[in-house]
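I am attaching a structure below and will ask some questions about it afterwards.
Letters A, B, C and D mark the chains in the order given here, with residues in each chain numbered from 1 onward.
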Amino acid sequence: MPREAEPSANEKAFLLKALQDEQIRLDGREFDQYRPLELTFGDEYGVANVSLGKTKILAKASAEVTVPFADRPLDGIFTIATELSPMAAPHFEVNRPTETEVLLSRLLEKTVRRSGALDTESLCLVAGQKCWSVRVDVHVLSHDGNLTDAACFAVVAALRHFRKPDTSMENGVLTVYTPAEREPVPLGWLHSPFCVTWSFFGDEGETALLDADWMEEQVRVASVTISLNRHGEICQIAKLGGVPVEAVALLQCTSVALTKVKEFSTYLDGKLAEDAKRRDKGGFMAELRAENDRIVG
Amino acid sequence: MASSQHVLLSPAELAYLHASLSLTPPIRPDGRSPTQFRPLVAETGILPGTNGSARICFADGTEAIVGVKAEVERTRTRHDFPSLDESAEDDDDLDDNQNDVVKGDNDWVEMTVEIPGYRDDDAGTVFLSAMLSEALLADGEFTKRLWINQRFHWKLYLDILLISPPLSYPLPLLSLTTHLALLAARLPRLKSEGDEDPLFDDDWAAAPYLYPRPSEKGSKATAPAPAARPPVTLLVMAVGNNIIFDPSKEELAVADVALAVSVGESSSSTTSTTSSKPTAMDIDTEETKGHNLRLLSVRTIDPPSRLTPPGIPNASNSAYGANAGAKDTEKKKQQQEQARTAESEAVEGVWKAPRGGAKTLVMATMVQKVLEKGGVADEVLDALDGVDLN
Amino acid sequence: MADRRRINGPVGTTNPPIYDDAPEKQSEGVKVARSRPANVIRRMYLKTGVTPSASGSAYLEIESSGNGGSGLKLSCSVHGPRALPRSTPFSPHIILSTHVKFAPFATKQRRGYIRDPIERDLGTHLETALRGSIIADRWPKSGVDIIISIVEGEQDRETSKAQGIEAWDTMNALSGCITVASAALADAGIDCVDTVAGGVAALVQDAGDDAAPSIVVDPIPSEHEKVLAACCIAYLPTRQEVTNLWFKGDLPASDMDVYTQLIEKGIQASKSANRVLVDCLNETVG
Amino acid sequence: MPLDTSAYSLALLRVDGRRWNELRRIHAQIRTQAAADGSSYLEMGHTKVMCVVNGPSEPGPRRGATSGGGSGGGQSKNAEVAVNIVIAGFSSVDRKRRGRGDKHILELQSTISQALAASLHTHLFPHSTINISLHVLSQDGSLLAALINAATLACVDAGIPMTDYVAACTAGSTSTYAANDEGADPLLDMNHQEEQELPGLTVATLGDSDRVAVLVCESRVQVSRLEGMLAVGVDGCKQVREILDRVVREKGIKMIQEGTVERGVGLNDMELD
């Protein structure tokens, strides 16, 4: 098993000294500044490509009809699958979840699934017999720190962009329509949570940074991931151990996180609207119109 | 494998231990007699959230907790031949309700063993749990206790936790704890009748024990007949011809053979029903007053002694001049010859991991020592009787 | 644990069709009773060197009961002795690792690809049986893998799982595993003190309630009304030693004689199997 | 949400009769097991946990435990804190079996490991492992808090040097996330029923300070509620710390009185009162 390469002692010392004595980050960002966040959608519905600096994440949503769990007959199934492959960093192995992967998938689970962002009841087709199983696969293409925030953004973007096939129920017969028959419909979406991760440095965690890159993550002494939506609702907070941090500092982190989440939210809304405009050619009816371009042979 | 963890004893220590255990009578490192058990602390009913629970702490600090939990489960009707089942039994049902057959199924009991630091699909853990459940289910009587009516049964979950790190082979500890937990287990009293959906009495005090007590006031038993009890599994080992019970980790490290013997005790009433087979010996059992023991299972445990490092006899130890001046090929050949005999033949005072199996006679004696009247199983069961069950 | 490495079938269940005539046949109660004498084991076929890529291998087949059921077919391959991975701590002995796996199609109930507790349990028994026979200190710092696949587990088509005889079948499987692994070890040229072979004996109750229980070797559970107790023994004939003993059943403690007889019969069965084993090995050498 | 907690607004009493700032009964014991280097048993209400600590010792083969602190599997300059949690099948009302690969358990393990690694002086034991094994016998809310407290006690018993106690407790709020009422009260130490219905968080602080080692919130709650909950939680941690400290002192005094430990062997500053 290849071990994660550790930064050298000099690199660590340099980073810390710059941070604490000069108040400068290695890449020159402000302490509460994110790296440039970019989002592109794929040709298909439900594919979101997110890059945060050198961290790149692809999320793909898909849906299929299955049998609901016996103990929750009225709910659909919603799963988030995260896999860190050797593509992202050499120390990740397939089929052997590292701690990073477990924590990442738990965070996504708590942020998106348990906060009820997706209305799972709307996924039910026939109670106890048929339901949609919505699945988001998160692929980390490149790992340069702060996987959590990027992955969470990608998952939310992919789900909000996704359209599932339309269905109808007549006389007990369930019909699933192809995209050609009926325009696919978006998922029942309730709110959009985003993760904001603070990293702490110094003996008492007195320096707090947003969006730490890989190098900074190696040196940090603690971190807290706060998930919020733009209505100011906390969906999840996780400070899983590490050096203790003043409670007041955590409260400040939360309020800064709220402004960041509002920025994310606006950015995503804008991107979705842009993409919808690009796709909107008037729908199926427009295609049938005679004004369409004809291929003149 | 849990029995063969590393024993940190030198070959010299092993040889000494083996020698002292081979004496007649054997001298054990802690001065016990061959059949003597280590002292233990036991309590039951420690977890009010369970149907029955027990905790045992051995003198060496190993500790186990067992919780029994029961849930009502719908009995699956067999899909084998439904048409036959229904047509044949539907009309029977009406008049046969009183004496319908109480049947059990081994799936009604689920046992899990947790050993800290070991995965639950580790070979050793699986072996332990197979051994414990094998003994419990061997006579087919146990699952019948879980029968409620034709449509429902209790599903019994037995969770066996070893709290301490596995210092010695945990089998006897886990088995004794399970025994006590099952003895202390109670199921709510059934209020409904026949095959209707089961309804239970809320009064926990009225709940009957899974294994009914023999001499409770108000019970119809005229004589204090020995009641059925859950099985106990005992660890027995042999060094030479000496048979030693409840071996500690160090003793097990020099064992020639180790056996796990499961012994159950059935009440005389159930014996008479199960052993309608006229075995000649059964006639005596009916008469006896003591424990009505039954042999349920025997398994060989791979003794960790096979993995111990061997000592090197002086003859082949170069530090003692064994190889000095061995230059010509003649001598070398001789040396090899010597080495070979050294490898196969025991040298007094030099430890060698046991090879091969055990003589049948020794094995038979081991089992007999457990089972004989006034033997170790009798003693253990008597001692467990002394544990206060609340 | 979910099997994530393979594509699994769709969720949800379907009941298999049940044909009406099947129960008729069952209700007639046609049961093939045991035709062999009580102390004779079934015929078996053993061949070594079946897997060229392994250092040693063997194949064992035990004829079917003639009850429309299947026999036992086992294949064993031995890899090693070979160096242990560098991370393993020093061991003065060879480290055995045994894997017993039923093929998914070996029994009536489909077995998954991940080993279940029964298979792991069989592996432990096998390890105990073999470790007694191997001269382990001739290969310090090395390991050997013994892999057995049960290609066909013996099972009668007519008997259902409900009869609870599966537990006895595993004993027969274990005895086959021991014999075939012993042959494969010999084929691999790993030094043993003796060839170990497995044998099963059972205390059975035949049809008719008043018949006294009798002891038979190499029992086929479906041939008998009820199996009261059984034991599987791994025996080294020249040293007259037992390396593994597995007894299971329900015997009154006063019945020590029956227990002893059962063990003796088990040894007898093991000796018979050993004869086949030795013949097979002689054939290969000669 | 089957239960109605509106009763609280009437009498200001919670379902189990406590006021908003009351802890449940905490009962703890240390040195419960002879075989281990350190051990403890802790009850917070009906949540019952046992902890066994072994080490610092030579790192053995790694088996399923989640580790923190030293990254190099015991090869680093700091001791590795390996935590292993077993949640007994009988611990909850409805039996629910969790496998060892369960992500929730792995998360708990990692949290406890990293929380303790920051408080224990792991740099004193390079190339070694501290094995913490936790058993959950009964669950009634505040599980993570109980686990952290039990682990702290067991580490004290094992005599591993540490900065201070890591004490944990839970805090909640009477408002659900939807209701935006300002009159919502914070609650201290939630039981299982309250955890099911109300938003809450788990806080662990280091010793007497306001410094938060662990903060885990898994439910949806208005951001304005956070401050109140956090304040109550931190205050609760201080109370818990007092209780833990008392347990340790009482045990220490008893051991000196029984003559198990000689007074003065590294215990000079202990007051026998």
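What we mean here is this: contacts are C-beta pairs under 8 Å (C-beta built on N, C-alpha and C of every residue); 3 or more make two chains touch, one makes a residue touch a chain.
Everything quoted here is computed from the prediction, not taken from an experiment.
Ranked by how close its mean Cα position lies to the mean of all protein Cα atoms, the top chain is B. More C-beta pairs touch across the B-C interface than across any other pair of chains.
Subunit D has its Cα centroid 36 Å from the Cα centroid of subunit B.
For this pair, subunit C with subunit D, the centres built from the Cα atoms lie 49 Å apart. Computed centre separation for the pair subunit A/subunit C is 52 angstrom, with centres defined by C-alpha atoms. Counting only residues that touch two or more partner chains, subunit D has 99, 101. Across the assembly, subunit C contributes 1 as residues in contact with two or more other chains. Interface residues of subunit B facing subunit C in the complex, by the touch rule stated above, are 1, 78-84, 106, 121, 123-124, 126-127, 129-130, 134, 138-140, 259, 263-264, 271, 274-279, 281-282, 284-285, 288, 292-302, 306-310, 343, 353, 355-360, 363-364, 367-368, 371-372, 377.
Interface residues of subunit B facing subunit D in the complex, by the touch rule stated above, are 47, 49-50, 53, 57, 60-63, 65, 67-69, 71, 112, 114, 116-120, 157, 159, 161, 163-165, 167.
Only residues 33-36, 46, 48, 50, 52, 54, 63-65, 84, 86, 88-91, 93-95, 97, 99-100, 131, 133, 135, 137-138 of subunit D touch subunit B when the two sit together in their complex.
Every residue of subunit A that touches subunit D in the complex is listed here, in rising order: 3-4, 6, 97, 99, 102-103, 105-106, 109-110, 114-116, 204-205, 221-222, 224, 228, 232-248, 250-251, 254-255, 258.
On the side of subunit C, the complex with subunit B involves touching residues 1, 15, 18, 20, 22-23, 26-27, 91-93, 115, 117-118, 120-121, 123-125, 127-128, 131-133, 135-138, 160, 162, 164, 193-194, 205, 209-210, 212-213, 228, 231, 234-236, 239-260, 263-264, 267.
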